[in-house]
Amino acid sequence: MTLISVRDLVVRIGDRVIASVPELDVAAGECVAIVGESGSGKTTTLLSTLGLLHGADVAGKIRVGETDVLTASPARLREIRGSRAALVVQSPQAALNPTMRLGTLMRRALARHGVKGARARERAEEAVRAVLLDPEILRRHPHQVSGGQAQRFVIALALALGAQVLLADEPTSALDVTVQAEVVAVLRRLRDERGLAVLLVSHDLALVSTIADRVVVMRDGAVVESGPAAEVFARPRDPYTRELIAAVPRLPEPAGMDEEGS
Amino acid sequence: MTTPALPLYRRTPLRRLAGVDRLAVAGGVLLGIVVLAALLAPWIAPYPEDGGSATHPLEALLPPGGDHWFGTDQVGRDVFSRVLFGARTSLFIAVAVLAVSGVAGVALGVVAGYAGGWARDVIMRVTDVFLAFPALLLSLALAVVLQPSVTTVIVAIAITWWPWYARLTASVAASVSTRGFVDSARCLGVPAPLIVLRHVLPNSLTPVLVQLSLDGGGVILTAAALSYLGLGAHEPTPEWGLMVQQGQSLFTTDWWVVTFPGLAILVTAFAFNVLGEGLRARLAR
Amino acid sequence: MTLLAAEGVTLAYGTTAVVHDVSLSVDEGGVGLIGESGSGKTTLARALLGLLRPRSGVVRYGSADLAGLGRAGRAEFRRAVQPVFQDGSEALDPRMTAGASVAEALTTHHRVPRDERRDRVAALLTGVGLDPALAGRRPHEMSGGQRQRVAIARALAVEPRLLVLDEPTSALDVTVQARILDLLEGLAADRGLGYLLITHNLGVVGRLCRTSSVLFAGRVVESGPTADLLTRPAHPYTRALRDAVPRLGGEPPRTAGRTEAAPAPTGCPFRLRCPWAADHCRDEAPELRELGGRKVACHRAEEVLTTPASSIPASPAARVPRDGGEAPDAPRQ
């Protein structure tokens, strides 16, 4: 089932086209990554799928679930962002009210969707476990958790509200590699076990290659290449994609440990 | 850049809605008029000699009219001319106080903020002592000890105001000093005084400049209060506070003697505040 | 030859020690300092740059104690060792043009006539691959990569022998990252410039550093030739860092136990995250010891070296999801 569908998207500021995407679909249980450098239009594309782009002309057709984003009422858009689709940003701590415990934040969000009491607590704890956090974290304030924990909590919040679509904008580039690995593990798990549709924006090709099913490469607002991830990484057609791939720092392969160990 | 869809608490930019820029411009224009009045007083005042000690007993306490727009005072001087000349005194006091306390406060604050450690502790404790006194009370005490005069007013107010600038500058300078470009200059071996002058000071100045412009009104009010209490400017210096004090007993019969200098104080203080507020909102953006 | 060295250095902010008894020496071959945020790597770098006095231990420049250097010695040290910070927008004064920033470095130790200054600045900017016309721009008018190049030009202006690079590329796009690494590699080859590279990303140390040290909770847990650490890590933490780096088209990165578990206060600090942790690790903190050309602080290093990826034991956190009884309830730095 296609949960995000974008057709003939053209985003303009004045006369300048800052993003143009002919076709982009994300199905349930699938991760699609938009790859590019700053200024490539990747974040613009992501934001316009949620109707979050202000001060720009957005033309084309964008569907999230059943809703046509470009014609939907503001109230309907808010509802979608609140429950169906959630945005995960680079520094989530700024989006969390510092005076509230994470549990309180979660409870209020659930209450707005009519989930209260013991059922709300259950849902909260279940969502937190789903992102591999200890439910103990619900007793903490935002400043008492690490960046990686905050990132996963924001994902849990979206899950508790029943999100089926995650839009992640450079979700790990502010994190240590070890913490980044945890966030990637969580995203993979949610995609595989809960059938979430994940639209990921990143400049880190190595990271993208470990999670994305399909890849869209953007440069200067235009799509230069797209296709199944394995295909694109193994046989890049566009010279720019090749340049991006060549730029990934290489680690030497682990020495023949497996032979030694066995 | 990005707007998270999840619970997000963001203050509505009320100031922006209120048209901050227009407000700041209005404050600037108003203040410009006051400054012009002060500069051009000898040429635009209808009776320039009334700015001093002239007396015209026969024209005492004339109500506002064609010859005297704001009426005349007890000794027959044109109140409009004296209000114009009074702008010179008030603005001079304001500029002098802000310059003296601003320079002293910023200098001490930037040193405290950059040096940290015991230097910061010593400077901050001294400012705390000054801040512990109510400003007006300390000015009063000083003005009593010194001879009443415009200089006394300036010294008295400046002494109570610099600690605010020192504290503000110290906190800004302390955070600027932790930034990479300061570390980079230290690693180059740039001498500390040069680091402070070249990097810390210019990058710490903005909030103090805003505060200074916000405080202009406060200085004028305080100066007027001191003069009103007889501790500042004295006859025949045209000073708004002094004029209010001299005219207050006449308020019920000859209202204009008090009202026009009082309005001048109000307008000028307001202009400073609006300008400062506008600057602050603009820089916060 | 050792340019700069830490000998038993302990560093503290107030009463909290963040670096414990660390020894490290930096030579022309390049040295990597690897760890997560909060591991104390940046604090250690500040001490090596002479910005922070050690609580105990000695920082040596050549054979001299940094704390005991006279005015001339200090000036020489300042010329020889220069930092490049993570983000050029932080390391450049926002009110100065690129040219002024570079010129400041040029004129700090030598008098340079005004007309000559412009040419030298232009030459330095060209040397790091920038158009000299950028000299008139302020930091916010440049891209991240350009700012980082200006910061490097500024550091090179004093003709240093060693650059201390603190996450020099982690704020940049991959292609820009690669170009900055190319530039640094070229500078090392052309000028014999040495590097101390501080990073959490093992992917970048291989190119610039012959040897590396891994820091966990303010202690060196493993050090040795970079190639050995990357291919055959002997400490579980080094291995976790290595396995967390995503590889193009490779296996998904492996999670390294629960990273939020705070360092253990007794015994081995890494044991709460360590898949190999045994009872012995709780009772006794491992000392750094020699093991096949490297140093490692792990009781079970021999097993870590030989365990194949497929049979790494489950980490303690994974075994006990509600663990946390021992981990202090403190936020990570």
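Order of writing sets the chain letters: A, B and C. Residues in each chain are counted from 1.
Operating definition for what follows: a contact is a pair of C-beta atoms (placed from the backbone, for glycine too) under 8 Å apart; a residue touches a chain by one contact, two chains touch by 3 or more.
Computed from a prediction, not measured in an experiment: that's the story for all the values here.
Comparing the CA-atom centres of all chains against that of chain A, the greatest distance is found for B. Looking at which of B-C and A-C shares more C-beta pairs in contact, the answer is the pair A-C. One finds 52 Å separating the Cα centroids of chain A and chain B. Centroids of chain B and chain C (each the mean of its C-alpha atoms) stand 50 Å apart. The geometric centre of chain A is 30 Å away from that of chain C, both derived from CA atoms. The touching residues of chain C, counted against chain A in their complex, run 36-37, 143-144, 173-179, 181, 200-204, 206-207, 227, 230-232, 240-256, 258-260, 305-311, 321-324, 331-332. The touching residues of chain C, when paired with chain B in their complex, are 46, 49-51, 74-75, 78-79, 81-83, 85-87, 90-95, 101, 104-105, 108-109, 151, 154, 158. Residues of chain B that touch chain C in their complex: 179-181, 183-190, 198-199, 202-203.
Listed in rising order, the residues of chain A touching chain C in the complex are 37-38, 129, 132, 134, 136, 143-146, 148-149, 176-182, 184-185, 188, 203-207, 209-211, 230, 233-234, 243-255, 257-258, 260-262.
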